[in-house]
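Please find the structures below.
Next come two complexes, and both contain chain A; in the first it sits with chain B, in the second with chain C.
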Partner chain A sequence: MWDAVIIGGGLSGLVTGISAAERGKRVLIITKGASSLNYATGALDFGDVQRLANTPKHPYTLLSNALIQKSFTYFKRLFPEYTGKWGQATDVLTPFGEFRSASLAPRGFEASRLKSAGRVLVIAPAGLKDFFPSLIIANLQRSLPMAVVTGLPVKPERFAPWLTAGKSIQGVDYANFWDTAMGRQSLGQFFGRIEKEMKKEALSLAVVFPSLSARFCDTSTAAMQSSGSLPDCIQAEVSFPVVEMTAFPPTAAGRALATALVHKFKDLGGELLQGVEVTGADMQSGECRRILVQSKGKTIRISARHYVLASGGTFSGGIEVDNRGAAEKVFGLPLYVPDDWTRTEFLGEQPYAKVGVEVDKNLRPLRPNGQVAVNNVMVTGRMLAHWDPWLEKCGGGVSLASGYLAGGLI
Partner chain B sequence: MKEYNAQVIVVGGGVTGTGILRDLSMRGISACLFERGDLAQGTSSRFHGLLHSGARYVVNDPESAVECSRENTILQQIAPECIVNTGGWFVQKEEDDPIFLEKWLSGCAQANIAVREIPAGEAKRREPLLSKQVLRVFEVSDAVVDGFKLIWANAKSAYQYGGRYYTYHNVNRLLIEGKRVVGVVGENVITGEKFVAHAEILVNATGAWAGELLKPAGASLQVICNKGALLAFNQRIFRRVINRLRQPGDGDIFVPHETITILGTTSNTVIDPADNSPSVAEVNRLLALGDEVVPNLARFRVIRAFAGVRPLYGGDQGNGGPEDGRGVSRNFALIDHEALGEVNGLLSVVGGKFTTYRLMAERAGDWVSRKLGNSVPSRTAIESLSTATVTLPESTVKLLPHPAAEKLIYRQGEQAGTILAEIKRDPQQAQLLCECEMVTMAEVKAVIADPDSHHLADVRRKTRLGMGTCQGAFCTYRAIPLLWEKGRSYKSLRGELKEFLDQRWKGIRPVLYGSQIRETELARAVYNCVLNLNAEEEE
Partner chain C sequence: MKNTREERAFNLDNCIKCGGCTAECPVAAVNPLFPGPKLAGPDAERFRLEGESLDSTWLDYCSNCKTCELTCPFGVRITDIIRRAKETKRGNGKAPLRDKVLGRVDYIGRLGTIWPGLTNSVLRLSLTRLALRKVLKFSSEAPFPAYQRRFVAGKERYTGLNRGKSGVKKRVVFFPGCFINYNDRTTGEAVVRVLEHNGFEVIIPKFRCCGVPREANGDFAGASGNARYNLALMQPYLAQGYPIITACPSCGLALKAEYPRLDVPAAKQVGAQTYDLFEFLWKLYRQGELHTGFAHVDLAVGYHAPCHLKAQGIGTPSVRLLSRVLGVKISELDAGCCGLSGSFGFKLEKYNLAMQIGSGLFARAKYGFETGEFTLVCSECGACRTQIEHGSGVTTLHPVHILAKAYGLT
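Moving on to the complex of A and B:
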């Protein structure tokens, strides 16, 4: 019997799994598809914790500030490649070359390093999709009036056939390439040339690079452990800062974080069942006895002491909405469904975003009358009710903190 | 202040206005058209895109039926590039009144509309998603029309004949001397520059907005604003147009367009012609009614709901007939304000249907010609709207996947050649900026370069960018840098991006379930978090 079965292999599910496995628990994660992290930038936002912790019903009101901060520190301990100070913003670049703040970001993203540069070079990899060098240069120039911002194309041989064929080159394609032996070599040479060229100038140089991080924090392989992560390894070889931009989905940095979390979990002895779907659960007197898993045409029944529902919200499919209503797919848990579903301003407040499961301080699902619906189920991440990650910019924070809390309760 | 002079001013850049501009220009009458937004921005782009065979109207409105039937034939001849000849079926179900069927058949015979019965078994084979409870099926010559394309084709053809159209030119008021209209004053809403235009005659083709323009000038017009909501499904449910064979009502027409299907419509009287927000109630009503034709219709993904406001002409019927507007004739009316003793030289064209726009334009042209003493007859029924059929060398077309090339040629006509040449020069320009509608980078660049393209929404209407499954989640941010390169300020583009997303959102809100909710989560993540677009609100 498992100590815990976690349904969902995204950020909150994996953090739950890692923190439980670290404490010697036997944990199984079941995940249907790719983590939503693949669509995320790789930088994590906690939002305005003070304000949100005082917003009625927000998940932060259930998690103490101390716990939220602990989850922040915990993540940094897991991934030293990430930078960020509690309560302080870290600057990163948007894909349009504007500065924005994040709470935790891969070191390579840290954009404040550009602020002291006299010369900023924006590297423009040939044919890179969703990359707009002239707009980026203009936006950077506006933010950095003291610097001279220019572009520098790079055109690796590897992609010559793609360019001729008119095939689009995604950021992940470039990131994959830079991480090969050939890619690292050509990157080394490229940076060497820049270094040499720029020595002639008196200005202090900084480089902006899109889609660079392939496996920046993959610590599972010995090779990576010895060489360090990719941006660190570049950084070690060159004397100027190399700042990676965040990107539109799908992103190399988001994928790298998803992969790194999985490796971390497995290294700690966690088991991962991928590509299968949890279709239901056997319930008895307010407890879950087992869950039903559809695997290659047959139904498996799995039992555990704890079940963690980290299946995501409407985006990941944990909550299904049709034109009659909304439903939680595994346990059929009661959902908070706002009456007024939408508002006029798309990017403003949207009630629909707050659909989810209401929980108590131990993350146990509640009925509308406030009673615990199932004793041995915990709910984490986007499945929780009463928050909007896109407006409140606390997606990383709620997922990390709730996952960390659930892991501790297993 | 900018000054324009012409014999005739046309106000309104929908299908009626551009049709009139073309009709007049072809008669050698100098005319200029002012539209406060982009062409095809109002009701003309907010309908099901059905080119009526006339069969829908044979029982209740035989005059309209005959007009539709004639115009359908004419338009198929003069504008084949804008029309897909899908054909249409009228399907009768068990619960549909058999007496109506008899009336309908004799009505079609009287209106000379060809009808062919399809055996029910065969019909179910050819349209497998059609309800199994269909008893009888009749084929008519319904077709599908691309409103955007037809309107632009009219405007461009008019231009060839000397007609001029000015988009984003808002007419503020009419200039009246004595009892005669002598021109208009207005403003270029993009530059803010004021303009004055002088003419002998003014044609009011503002549709649902007709009353607004006239009131200050002391002319009156009874237009009933009738809102019709529609649903756009993510797939082609039927090969052809499907009509319900019963008393025309709500939710009884399915119209296939390329890879989507439109289900329409509802009919509700509204006060404000700008009231084109579809409601959840209208969506649910359409789904329930559509379900009778396609069982379990809710399983199909709805990408958006939209609504248009029909300008029904109330005329002498007092307060405008029944509440729902279905009883008011869909026929058109020319209102001669001179004959009404109000304002001389002023004509309003209201009512009517998209299918009969050309006939309306011809009649308006006749009226104007009489006033001006011009004796040249209308030639819009015989002279093709289209330029020569575009045939491009196989090798050029092969630069794109087949469907993408076909769509490009369909959308851009002659200009497709230039766009393909650019792709040949730089194959990377073949990258799809909009994956849903298969719009390449090169095509968007070409459309942005067009002097008539000012806003993201203008690019959307000319390329279908943002009109597919993702409703702009990805293509919109890709178009922004291209508009910026044309010289637009980044700050104004950020504002416009929000406006554009709000516009798309208007149609998604009432259908926010299923996959559209996932799409919405992703889009809000991209624009709020990745691009930090709502940063200002934060402070």
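Moving on to the complex of A and C:
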């Protein structure tokens, strides 16, 4: 029997798994597809913790401030290449070249370093998919009126056949290439040329570069190259700041974060079961006895002492919505569903964002009458009710803190 | 093989165009002429349904590793779409001679095992390599696995130790597959010994090739012919509830996911009654029915999870079980696809692609070997093992040998 089975391989599921496995627990993570982190930027938001912790029913009201901060520190311990101070915002660039704030971001993302530059060079890798250099330059110029913002193309040999074939190059592929010996060498030469040319100018230089992070501190692969992550290595070698932009999904940095979390989990003895769906659960007197997993050819039954529902809400299919309503798919847990679902202002408050499972302080699901619905199930991350990641900008915080708490309770 | 309208509609409607599959596709990452699973699959499918075929060479580049399906967050069966399109494209057209040869692994195997020593010497001759390259468009560097004496040589089923012994009630059917039959008899013998050690009589009917190589090389009718033949042989055993055991992940995947699509009675049972060897042993272990008198085995191995084992949706049962053997230390390599994909990497125009796909895995295997992290690599798939040895020089073996050693059976 497993100590815990976690349903969902996004941020909260992986953090739950790692923190439990670190304490010697046998843990299985089941995920239907690739981690949802592949679709995220790699930067994490905690939002205005003080305010949200005083917003009725918000998940932060169940998690103490101390715990939320502990999960923040815990993540930084797992990933030394991340930067961020508790309670302070870090600037990062959006894929359009606008400034936004984040709570935790890879050091290479830190965009405040652009603010003192007299000259900003936006590197435009040839054929990079979903990358719009002229828009980025215009936006940066608007935000940095004192600087001269220009673009500089880079066209590595490696991708010449791609360009000939008319195939755009994904950020993930660029990042993976830069991280090879050949890529590192050509980047080194490229930056060397920039350094030389810019010396002629009196202006202080900063460089903006898209899709650089192929991997983070990763116990399985980092050991293979004594050097650290690529952006950190570059930064150590050049005299000007190199700022990586966040990107549209699927992103290199998000994928690097997901991969590193999975490797950490597996190195601790955890097992990942990917590409299958959890179709239901056998329940008996308020407890889950086992869950049903659809493997190829047959349904397998898996039992554990604890089950963690980290299945990601409506976006990831953990909550299914149709014209009759919303339903939690594995345990059939009661959901909080607002009376009216949508409002007219597209980017404004949308009540459906708060659909989810209401839980107690130990993350156990509650019935509408406040009683615990299932004793040995914990609910984390986007499956929790009463929060809106887009408006409150606390997606990373809720997922990390609830995952960290669940991992500790296993 | 049938594909219902519902399956089609599901696959088309559930693709949200996120591009996650293309970001993970090992072939798209190295081949500028392959646009990736999203475009070759669900995107082009909408055109194909309207009678418009987009560039049909796309289809040939899909190696059917199924990474895209593990990645898809919405369960789209992308390789089903691609396979159907390949089938339609092939129609009554002639397959190249090379593909006809590669599809008949069983015929070549029977020829090759008549005098294995001679076959292996001849295959190593550069003249043979040149002829194979010129006439059949095989790569001169293709890592053909060596032939051994055949595993199931006689006309009768395998007569194991337990056969005829009084009191033996437990029986399993073993589907060895071509690799074990012609290239790896010692693994076949180890599988039988391990099962017999646990009190099973092992029945090995005279199966034909599972059909995967024929389908992979465009012979769809031939593949389904093989499947029907094998299902007819399985029928009486399936009816008595005997489990079918596979030790090759591709055979296993075919039995679990492809055979059930056929319109014969045995097809309804084969999916649920087929087990990967370690999936079966783990089930016994869970039920307290596995012999756990493991001797201490002092061995550090790297483990490569084959794509078609991942695609079965059973996790990594060999790692799970073998980590219970004292002294065995397993590092999961987790470095992607080996690139060979059965016979994909043997082909002249694909050899280099296959080597590039596998380069990360080879580097990881070499690194682990050279630093003393492990002395050999284990993996269930014979093709993966052949390619890993070819690309990294590290010795490989099927994980069953470690268990056989723990049982003192070697």
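Convention: the second predicted complex is superposed on the first by the 403 of 410 C-alpha atoms of A that agree within 3 Å, B and C clash if a C-alpha of one lies under 4 Å from a C-alpha of the other, contacts with A are read in each partner's own complex, and residues count from 1 in each chain.
Rule of thumb we're sticking to: a residue touches a chain if its C-beta (ideal position, glycine included) is under 8 Å from a C-beta of that chain, and two chains touch if they have at least 3 such contacts.
The structure presented is a predicted model; accordingly, all values stated were derived computationally and were not measured.
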| item | value |
| --- | --- |
| Side-by-side fit of chain B and chain C on chain A, or clash | fit |
| Which of chain B and chain C A:Pro249 touches, first, second, both or neither | both |
| Partner chain(s) touched by A:Leu67 [first = chain B, second = chain C, both, neither] | neither |
| First, second, both or neither for A:Thr164, with chain B first and chain C second | both |
| Chain B versus chain C as contact partner of A:Ala53, first or second or both or neither | neither |
| Partner chain in contact with A:Met283 - chain B first, chain C second, else both or neither | neither |
| Which of chain B and chain C A:Met198 touches, first, second, both or neither | neither |
| Partner chain in contact with A:Gly313 - chain B first, chain C second, else both or neither | first |
| Partner chain(s) touched by A:Leu152 [first = chain B, second = chain C, both, neither] | neither |
| Touching partner for A:Phe132 - first (chain B), second (chain C), both, neither | first |
| Computed vertex angle (chain A) for partners chain B and chain C, CA, steps of 10° | 90 |
| After fitting on chain A: smallest Cα gap, chain B-chain C, Å | 6 |
| Intersection of the chain A residues that touch chain B with those that touch chain C | 39, 164-165, 249, 317 |
| Residues of chain A touching chain B in the complex | 39-41, 45, 94-96, 98, 100, 127, 129-130, 132, 134-135, 138-139, 163-166, 168, 246-249, 313-315, 317, 321-323, 341-342, 344-348, 350, 352-353, 389-391, 393, 395 |
| Residue numbers on chain A that touch chain C, as the complex places them | 28, 32-34, 36, 38-39, 159, 161-162, 164-165, 167, 170, 172-173, 176, 220-221, 223-224, 249-250, 255, 262-263, 266, 269, 271-277, 293-298, 300, 316-317 |
| Touching residues (chain side chain C, partner chain A) in the complex | 18-20, 22-24, 29, 32-33, 35, 69-75, 253, 255-257, 260, 270-272, 274, 310-316, 319-320, 323, 331-335, 363-364, 367 |
| Chain A-facing residues of chain B, complex | 280, 283-284, 287, 298, 399, 423, 427-432, 474, 477-478, 480-481, 484-485, 490, 498, 501-502, 504-506, 509, 511-514, 517-518, 520-535, 537-538 |
